[in-house]
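In the part that follows, the structures are each spelled out as structure tokens.
The same subunit A turns up in both complexes below, where it pairs with subunit B and then with subunit C.
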Partner chain A sequence: MSVTEYDVIILGAGVAGLTAGTFLAGRGFKVALVTSGEPTACLSTGCIDVCSRNHNPLVGIKELPPAHPYHLVPGETIIESLNNFQAAMSDIGIPYVGTEKENRLVLSALGTFKTSCLVPSTMAAAPQDTKASIHIVSFAGLKDFYPSYIISRRNNSKTSVYDAGVSSTMGIASHFEDKDFLKSFIIWLKEQNIDEDTIAFPAVLGLESAVEIVKTISTSVGKPVFEIPTIPPSMPGRRLFNALKDNFRKKGGNIYWGWPVIGVEKSGKIIEAVTTESKGRPNSLNGKAFILATGSFVGGGLTATREAIIENVFHLPVHVPGPRDTWFENDYFSFNHAIGRAGIKVDSFLRPTETPLENIFVCGGILADTEILKYGCGHGLALATAHVAAKSCMEYIR
Partner chain B sequence: MNFEHCIRCTICVENCPVMRANPDFPGPKQAGPDAQRFRSDREKAEDKWVLLCCQCKRCVISCPCGVEPAEIILKAQQRYGLEHPRTAAHLLFANNYYLSALGSLLAPVANIVAATEIGKKIFRAMGIATYIPFPKFRFRTLGSEKKSRTRAIKKVAFFYGCFINFYRPDIGRKIISLLSSFNVDVVLPPQWCCGLPALGNGNLALARFFAQKNAASLSNYIDAGYDIIYSCTSCGHTISNDYPDILKIPQAKKIAENTYNIHEYIVKLMDEGYIKPQFQEVRQKLAYHIPCHLRALGIGYPAAKLMSLIPGLECEILDDNCCGLSGSYGFKKSNEPTAISIGNRAVARIMKTGASAIVGDCGSCRMQLGGLSGLTTLDPVEVLSESLGIRHIQLKSAPP
Partner chain C sequence: MIKTDVIIIGGGATGCGIARDLALRGIPHCLVEKGDFAAGATGACHGLLHSGGRYVVTDPIAAHECYNENLILRRIGEKCVEQTGGLFVRLPGDSKRFRELFLRGCEEAGIPAEAISSTLALDLVPNLNPEIEEAIKVPDCSIDPFRLCMLNIRTSQLRDGLIFTRHKVTEIVKSHGRCIGIKATDQATGEEREIRGNLIINATGAWANMIASLAGCEVPMTLAKGSLVITNHRLTNMVINRLRPPSDGDIIVPNEAVCLAGTTSLSVENPDKINIESTEVDTIISEAGRMIPHFNNTRIIRAFSGVRPLLKSKKVDAHEISRGFQIIDHQNGMYSIVGGKLTTFRLMAEKMVDVIMASFKLKKACETAEIPLDGQEELSGYPLSKRLADMKNIVCECELVSKDEVQRIITETGTRNVGDIQHRTRLGMGPCQGGFCTFRALGIMNDMSVISPEQSMDMLRGFLQRRFRGIRYALWGDQLREEQLVEYIYLGILAMEKPQ
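Moving on, here comes the complex of A and B:
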């Protein structure tokens, strides 16, 4: 009786890896997910960008350049992946609002709008126009959140400051989980006699119970309440990560934390096992198929050296967008840096091309030609390609 | 470990239980890689707040860049410990082994003192928190049990650690019974405290002293063909990770290569086909609190795998929370509010599962969570033994 044989080993605990893992575990496969650390989802706004280039994300996807990996995903699979995501999140208690047919606007801390497709319910009440007046509550000492940016774009809006006794995002979010703190906060909020249409907060309204906290505040003051995403530490990003992780576990998936894959065992065209670093014996896990979801540069899937770009685990050939001096534009904030196209080229099964290896499937940010920043397609592309990779994996194993 | 690899993503900050509970602690990013750029050998260490870190290693596990903030902080703690006079509580807990050994000899007296109001006052005066029942010292320690002698092929030397030795020798005996039922020969090698309490209290010299003695003993057994097993995940983490790293023990690599978590070892026996345990139904819903150091060991959750084979057993894995006690950390009065706040968060999550009992590999986690929740706590070995109907082997004990 083998207890450690898995059908599928997933590399990476990002939106892509966890989604592929949940899909497979939910269909009875034995799945292990290994990860070196926590994913970029924790740094994100928690909003699911599908394609922000067009008001209708599905139309936007059709307009993407031919090399874009979205074109490898059948239209119905994109919709299926978003529906599965929304159903799972409602189940786990952090519902997402929105549909695949139209993008929504999310008010940013700068007062501008971010375009996204599915947004956490705690951001649902954000105004979709520039006219509605907003009362922005900020917190004494909280860094990187300045209501005056928003007010400079909306002169009918106001702000007030609450002293939570702590000033870090984590600290304030923890306080909100405390019922007595919430009670006295609401008393204070009522005393502000707010006239504006809606009330906005930086996204610090709790970690585990954010949905209820937003509801409680909203019913107490009788006004719509919403969160504005902050730079990391990002509570909505962490809530998303936690929910995906819990969902994967609920379906029977196993997670190996602190498990950076540093080596592989091969036999011909087949990968048999992956190994991690350890102070003692090599730790390895066997699987029939492997899903590579280690992300791009920030996630740790790719490393750029002076001369080349390396895929860190299987040393798969990496599509490089040209000689090094063309990787970056002069404008630091440009969305067009060519390096955004670096990654792994795949076929329609999301199997890497130009390699003899047969049982690896690739999904998420590590794919070539994603240009995630430019097209606003981070988590959405991860959800969609994870579904394709998982299905290919199923077919391969059968 | 390289502090320069930090990209300041703050993922570690989100994972730090202490930072969430105690605003005086600047968190792993600032206390680790950020402050490291300003630490100099030529200046006295003034970063007293490094002592607030409970060494749960959650920052290490979560960091996507391999920075290991806890290891940077651990070194800063050792340095601070060297350069500053220690409090009574630090000295006491660093010497936990001797204290417990003494307590074990004087068990009846020690228990009475610890239970009385005056006893509690004495402990408080020394800076020891008393909010959960202080572990009761047991009279007969496992170290004084005779070696178990059954004829078998697989041979293991059991590093039982202080908790089992001084507080719960019954669990140690259950482990021996369980392994014996699998036809594994278990011996109890000469051993001392693993050294973690000394390390956690800034006493590198004492930690190294213990580590060297253990390493010499364990290394002998490995040479004689034994595998080493441990049950306490913190001892296991110290032996496998701190012996080679911060303590620089010469035999550390050999030891790490041959040391197994007890459940990891059982899984290995199953994978090799050495045993085919027939798990019987256990109708219970358990909340499995994963000790931080099990997570940090990077071996997955082998006990969860075994328990998942038990028919009827529902076992929900909870690994998002530290228990807050962190060995001796929460016993220090100054850390008490932090420890309680962290622990209550873990308990709130456990209560959500509706489980009737808590299962966990680490004795001090169980003490904390049982104390704060009022629920029964179990070692995974107790659950496995029940399912396998293992009868408790009566070992003859040496006279006390």
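Moving on, here comes the complex of A and C:
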């Protein structure tokens, strides 16, 4: 077995894990991040939902039920986490627009509005009301985007279809990275003689250069251009993940990619190491402190069996919201399924309660009582709790 | 107004069987169904073509009928029957006396049954519980109920039978006390259609009393709800039954790539208001797990319920009520045909059409047992190699359904209902249960302008609610994970609103 020493070991490469990792690495700590694969952030819209229940997300947070983990984050840390995020994204070249003081609207692929807080600049030009007319460009054979859904709600809108020669989200996005493709696309777009106020695209405008591509198209046709998030695979989600990952590496963080944790070494109240699989021999990563950011069920942090809910890495005690037949409401659209409250209960340092372990901190979607869909607080909560977990870690190590 | 000789209400196996029989005997007819084919008990059963074994102890006549029909259907409908064979397995603690009754019953009913050792049974089905004491081999088969209905209807369509699915009967038209026709509403457009006929056949299964009451008649019935679960894998190549008196969770049927396990039996009042209960799912899984232990760890993709239209009986436990059928002459030009089971649908249709022929004073013998079902040659299917070649156009990744196929069904059937596409292509039947592809299928319908975008939103909402009813009690493990992803897609990414 090979053994490597770190200050902090982070489990999970989502928004929470990478943010905590970057925070610590940027302050001189030796950080390793272990992930079994791509995070669910890649499936997301890339938007930072802070709290969608109130026009002012910070007011919305105050209105959340007392058990919500947002209440464990000091107000100034929430703001700090959003500011840090926006600054980092600007540095890396995929700027986000918006402020923590008010939510904004993102047009969805069904023509509805999704409420979010910080959104990728490629979605910034989305109309904030139903009046503006939109010209929707779709792509031949693209199976995850149907402009007619949007037109049903905005009958002053029109659509035209471009044949990119490929039909997948990823395929079209990589074509847009090609200068010649973009050039001939713009020629075609000009020929459409668009009268509408704005031009909308499914979010396929490039893999990494979306900001430039949107700017180029917008300048060429003289109209605002914006992207509409698609169902997975989601380019904006992938761009967000890549940016966070690059940022973490730039700060000196080390990623153990693609290997699940197969063992944990403990001594009394202290976790000493995690063991991951690797190509040759198991890898033992020793750390002074650990941050658990493995996400909820989709992310793989939690697994539900018929009898129980299990936390997959450390087998921490999981808060289970009642017997299995009460996990879901009968009404699909109730936005109140009890399963949304499953997760790890923590104290104000984000240390799990009901366990003697003292050098582990928990952040992101695996926390109990998040009810992320109900309150619209996914990535925002991940950023905020990642900051708290990282600070608790620093304090603990000192 | 449409005029015909016989109006059949109900597009389940019985109704479709009657349509085929009438077509073969040259009687003009029209079939009206409020949903799609096989929408009631026909499509909500385990798809077992009974050997009759299940009934030899409790209902020898039904058992004998089953075996005869089993032989006929294997002959005439080979493309919708899979000759899996079946085992009745006896577990430690199961009554040996029942075994004796079972073997004697099979002998009396003429059903070939062979007792085999547990070792041999495990050779045949390696997933079986190694603790079984013995097994009895019977000629059970699995059958595709939807395909069966479609093939029966094909004969009718080829001979000018008129078929209206998604049409709900709202009125039975009477004149001088006799039923002379029906009024039905097109569920998609709201358009009303009037159809006149000399006889009306009420083959609506669990809904028989509702239809009869439109004509002022009554059909005494007991409605018994049965629930089933579908696994994501095919855990056995043979039908596995429990060798004991009929009770909950005593059967596992392989069907294409999956298995269906059931059933339960609870009496209900209204066939339109049935819910699956958590305890039913748990019972089925633990009982099925006694026969095939791996069942406890396998991924369940959905649970569903059907309502058995049983003849009214004083017996309290619905497992014991006769599976026989009855033809009721309401003496006013309407007949109701109730009871029976999927396996004997052809026999039921034959007896019904015999009555119709007698009332028309016509003589032409039934041929449905001799002539193979029409249209089977077209069922060579859509081979995997071709599906993979079309991969670029695949809209349902779980079941490999292409966009072209969806468009073809829309064009050919003129359907405005995403359910019709699902039944005909298996779109949305896989592990994600339509989580990704229904959004796409409705988008395609939208693009083809067969439905308005408003309709597509309503359908998407309705679909999600219905889908959720089926998976709500099967949510743990990977299925829960999948469900959380789908919920995130619709409520998070697509920002679907609560229905008003």
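One rule holds for everything that comes next: the second predicted complex is superposed on the first by the 388 of 398 C-alpha atoms of A that agree within 3 Å, B and C clash if a C-alpha of one lies under 4 Å from a C-alpha of the other, contacts with A are read in each partner's own complex, and residues count from 1 in each chain.
Here is the rule we use: a residue touches a chain if its C-beta (ideal position, glycine included) is under 8 Å from a C-beta of that chain, and two chains touch if they have at least 3 such contacts.
From a predicted model like this one, the values you see are computed outputs, not experimental measurements.
Contacts of A:A67 after superposition: neither subunit B nor subunit C is touched. Applying the stated contact rule after C-alpha superposition, one finds that A:P232 touches each of subunit B and subunit C. Contacts of A:G378 after superposition on the shared chain: subunit C is touched, whereas subunit B is not.
In the overlay built on the shared chain, the residue A:V298 is in contact with subunit B and with subunit C.
Of the two partner chains placed by superposition, only subunit C is touched by A:T112; subunit B is not. Once the two complexes are laid over each other on the shared chain, residue contacts for A:L43 go to subunit B and to subunit C alike.
Looking at the shared chain after the overlay, A:I187 reaches neither subunit B nor subunit C.
In the superposition on chain A, A:N254 makes contact with subunit B only, while subunit C stays out of contact range. By the touch criterion defined above, A:A87 lies against neither subunit B nor subunit C after alignment on the C-alpha atoms of chain A.
Shared interface residues of subunit A (contacting subunit B in one complex, subunit C in the other): 43, 167, 232, 298, 300.
Listed in rising order, the residues of subunit B touching subunit A in the complex are 7, 9-11, 13-16, 19-21, 23, 27, 60-66, 240-241, 244-245, 252-253, 255-259, 267, 270-271, 273, 276, 295-301, 304-306, 309, 317, 319-320, 345, 349.
Within the complex formed with subunit B, the subunit A residues making contact are 1-4, 32, 36-39, 42-43, 165-168, 170-171, 174, 177, 208, 232-233, 238, 242, 249, 254-260, 276, 278-281, 283, 298-300. By the touch criterion stated above, subunit A contacts subunit C in their complex at residues 43-45, 108-110, 112-115, 141, 143-146, 148-149, 151-153, 167, 229-232, 234, 296-298, 300, 303-306, 324-325, 327-328, 330-333, 335, 337, 339, 373, 378. Taken in their complex, subunit C has these residues touching subunit A: 275, 278-279, 282, 285, 296, 392-395, 403, 436, 439-440, 442-444, 446-447, 452-454, 456-457, 461, 464-465, 467-469, 472-473, 475-477, 480-481, 484-485, 487-489, 491-499.
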